[in-house]
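Each of the two complexes below includes chain A, the first together with chain B, the second together with chain C.
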Partner chain A sequence: MLLLQLLLQGLQTGALYALTAAGFALIFGATRIFHFAHGTAFTLAGYVFLFGFTGGLPWWAAALCGIAVATLFGIAMERLVYRPIQRHEGSFFTVFVAAFGVAVVVQNLIGMLAGRGFASVDTELSRASEVLPEVFLAPVFWIAIGVAVALFAALSAFLTRHPAGVALRALAQNPDLIRTYGLSSNRLSVLAFALGSALAAPAAILTAMTSGLNEAIGHHAMLISIAATIVGGVGSLRGAALAGLMLGVAESLALAVVDTQWAEGVSFFVLFAFIIFRPSGIFGVVQTR
Partner chain B sequence: MIAYLMNLATIVAIFGILAATLNFIIGFAGIFSVAHAVFFGLGAYAGAQVALLLVPDALLACLVGAAIAGGLSLCLALPALRVRGEYFVAASLGLQMMAATLFAEVKPLTGGIGGLVGIPRPTLLGVQIGVLPVAVAALALILFLTARLQRGAFGRTLQSIRDAESAAEALGKNVAAAKTLAVAFACAGAGIAGALFALHLSFVNVESFTMDQSVLVMAMVIIGGTGTLWGPIIGAVILLSLPAGLAFLPFIPATEVGAVQQIIYGLAMTLLMIFRPAGLVGDLSKGRSTA
Partner chain C sequence: MFGPLIARRALLGTALAAPFIRPSFAQGSDPYVIGTLFPMSGPNAEYGKLFTDGVQLAIDHMRAENLLRRPVRVQSEDSQALPQQAVIGMTKLINVDRASWVLTGFTSVSKAVAPVADRARTITVNGGAVGPDLERLSPYFWNVIPLAHLETRAIFPFLIRRDLKRVALIYVDDPFGDAILQLMQREFPAAGGTVAGVFSIPRAQQNFGAVAARVRQARPDAVYIASFGAQQPQIIKGLRDNGVRQPLISYSGINIGSVLSLPEAEGLIFTSQKFDFSAGDALTRRFAADFRARHGADPAIYNTNYYNGTRLFALLAAELERENKPVNGDTLRETLLRIREFDLVGGKASFDEHGSMTAAIQINEIRGGRMTPIAG
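The block that comes next holds the complex of A and B.
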């Protein structure tokens, strides 16, 4: 029964990881920018929701505020940080350092404003009840799974049917050809950042309701996204989502054997193993880097 | 006041070593490690254990710290041989997170969260000394070695690997050996810095070897200027005098000094990358060579 409990717990965490990672993979796939401040969008969304909800807003308004802030943050990063750097041929390291600087600033601002340590939203939804003998589930489990499935369905419909979605996939494959067709690659990369950052927001909001937030959680969200993107295979949105789910389940199942403080280590161990033995990931084509 | 300045100077020298060695792999070899605090920590724990269990000899502690950090640098060299760019940064981030967990959990060796306490004052050949002269000597040695290596054949090989790996390989350079050696040199330097740090504070715990510390050292290198000899030292001086300077500003509460310091260097990193990617000391026209 313990294993089943851990598996369900892992599925819940994994669904949230999958959403965050898919946002990261979408941005990286379309723009080739390794968005190291992706975790910051996650943190911002979580804290805005937390403040809105405890400040008396209805839950949907607080959630919308969180999503809006994450989206705006993504757009601002693209316009104000990545665009100027790429104008003067930014190397990947320049981009990384700039994004990391932003992450450090936001993390400390949140620490100063919201206080350090864990904060969470307590609702009816996060109270667990016994569904099977010795297996406890909170309603938020079904919400997490439902939201993840619904968003993935919407996202894949958008990427395959909507013209802008198709253009995003085209941008990933050949930016020059996109310009030849008269589409603006700048506008498309803003779209990629907006969508990708918005995808992190529901995960952040649900995390605020389950395990809670702290000011450094952005690092964790970012590392999981990177790990999932690399393990899944760069350029594959489905791979990133699946790998995120797997990492969540693996972290949770590992608890049957080791103590909680090692759980995070499991993800990095998997990442490390993949980087050394199969850098192209599960679904990736072999690249020479 | 003298004691305060001595303390600051020692810390600057120790972080100068860290920044200089990190700069060696980032600036010359193009290996963008975000795990430098791991090797700093390995050196610190090794040095502390030597002082606690054997003799508090500064030289011995440094040598053991360097040997252990240099030996375990294979953990960093291995991914560096396999992947480049973003992938390597991701691998080193993972290494940093795993090492922080290990430092906190392997209690027999590291003392866990509580750390190792009561490390005796250092001696050199039986005479009790301060850490400052040793740290300054080590920094001078590292800078001298860096300058020599940079101009010599080894440095040229590294720079050619950084700029065009396949070309270097085509010219018959042993890329794997050069990278492994560069990483081992830098990590051994970080190990020396760690051993000195442990002897100086006579207390170490995992708090000093987390990702925040790695980022601080990286910020020193970047703000000063990657690929320059003096840039990292200047970065270290600036970033370490920042908390002291901020403490004199009355409107910042003492508990927030650390956060304000991080905000300042975070902002500095972002703005520098947008407007002056080569750093304060770096030559703007050479900005692209750090790619």
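The block that comes next holds the complex of A and C.
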């Protein structure tokens, strides 16, 4: 029963990792911008939801506020930080440092405004009850799985059927061709940041209910996103989502055989294994030189 | 004929010597620098605020009482509760700011900065870390908090009396957590208990659902949590949300706002040094009243410890000023070892030959979001 419990726990954690990682992969895949501040969008969404909900807003309104703030943050980063840097042909390193700087500033602002410490949403949804002997499950498990499945289905439909989604995929493959067809790569880039940042918001909202938030939580979200993007194959959205899910399940299931100390270490063991044995990731294309 | 020439040379010599004369005058009015090496950012920043609030109140009281002839300046460095950052901060406090007295916390940080303090002979005072091996780090490293071996030992008889004989330990993988693990494994069986399981966690871990599953499997009567910072409420919520219904036990580090306000922390039992803010002496009553007036809440243990840590400097330096002796690490230490007993918040505080404060321990329970003494 311990294995089943750990598997369920891993699926819940993995669903949240998948959503966060897919957002990062969407942005990176479409724009090739290493958006280190993606974790900051996660943190902002979580705190806005928390303050909205504890401030008396209905849960759905608080959630919409969280998603809106994350989306606006993503758009603002693209328009006000990355685009000016790229206009001056800033290097990858310049982009990274700028994003890192924004992440540190926002983290400190959140610390000043929301207090430096743990914060969580008190809800019955996160309280587990015994569904089978020795197996505990909280309603938030079904919400996490349901939200992840619904959002991936919607995103897949958008990317394959909607002209803007198809254009986003094209931007990832050949930005010059986009311009040849009269499409604006700048607008598509904004769309990628808006969608990618919005994807992190549900994961942040569910995290606020389960393990809680602190102003530095974005670093962990970012770490998992990078690991999942590499394991899934750089540029592959479904790869990042699957890898996120896999990392969550792996770090939970590992506890059946290793000490609790190594739970998160398992994620990075998986990452190293992929870097060494399959550097292109699960769905990545092998590059030959 | 030589008169004007000698006068000019004397004037020139005096002018050249002036910058070298200045420090001897300036020293008398230069402020004493109290360095603080607290986590002001990152997941442990909540402690930095608690510690600093205590220091600030002590400084204000010290100024109001005119305890010292020279002014006092507080210089803050952010340790982030990380040893590497702390050593950088400590080096700056000693070499650049010329701190006379440094306040710090966290076991790993304390162990990292103690050798620096020892080399520079700068008194460094811990009011937050409780690792038992902080007792003899250096003659210049003191503690104004009872260390964990005193706190944890004090709860063993209580657990046995309540028939909580099988205890699972969740401990953070750092010097503090390791110290609690060793103490638990060595002394709890001797007190009549059993360590039902030990679960080590990294400092950065935030999700405890899977750990809760392992804890449930160990079937303990109670769960002891040895961690600190934002991780503590996450552990408590993780355990309670995932079906761990047994009593939760911890040490004084759990007494922070984010734990007290957590509904899942209701009923948590923890040890701390003994304080009675209402029935105490005049100093204790003034501290409690002024703290409430300033922050609108009762002082926490850490507010008190860092108030005491700061006030101890004032008492020792005032004694040295009375004796017209220089205020430095050696003279402060000599004075501490000579006097040994001081009026601090909470009553008379005694220091042993290693500079560690001894205090009675009480057992508390979180009831309605407040720390309520229940034994000791």
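FYI, the second predicted complex is superposed on the first by the 280 of 289 C-alpha atoms of A that agree within 3 Å, B and C clash if a C-alpha of one lies under 4 Å from a C-alpha of the other, contacts with A are read in each partner's own complex, and residues count from 1 in each chain.
In the analysis below, a contact is a pair of C-beta atoms (placed from the backbone, for glycine too) under 8 Å apart; a residue touches a chain by one contact, two chains touch by 3 or more.
Quick caveat, the model's predicted, so the values are computed rather than measured.
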When chain B and chain C are modelled together on chain A, clash or fit: clash
Partner chain(s) touched by A:Gly111 [first = chain B, second = chain C, both, neither]: both
Touched partner set for A:Ser197, first chain B, second chain C, both or neither: neither
Partner chain(s) touched by A:Glu264 [first = chain B, second = chain C, both, neither]: both
Touched partner set for A:Ala119, first chain B, second chain C, both or neither: second
First, second, both or neither for A:Ala227, with chain B first and chain C second: first
First (chain B), second (chain C), both or neither touched by A:Pro84: first
Superposition clash, chain B versus chain C, among 23-31, 77-85, 167-175 or 203-211: 203-211
Chain C-contacting residues of chain A that also contact chain B: 107-108, 111, 261, 264-265
Contacting residues of chain B [partner chain A, same complex]: 26, 32, 78-79, 82-87, 89-91, 93-95, 97-98, 101, 104-105, 211, 215, 218-219, 222, 256, 259-260, 262-263, 265-271, 273-274, 277, 287-288, 290-291
Touching residues on chain A, where the partner in the complex is chain B: 34, 81, 84-85, 88-105, 107-109, 111-112, 219, 223, 226-227, 230, 261-262, 264-265, 268-269, 271-272, 275-276, 279, 289
In the complex with chain C, residue positions of chain A that touch it: 2, 5-6, 9-10, 12-13, 107-108, 111, 115-120, 122, 126-130, 134, 136, 138, 210-212, 214-217, 220, 251-252, 255, 259-261, 263-265
Chain A contact footprint on chain C (complex, rising order): 41-43, 45-46, 48-49, 170, 173, 199-202, 204-211, 213-214, 216-217, 230, 232-234, 237-238, 240-243, 256-259, 262-263
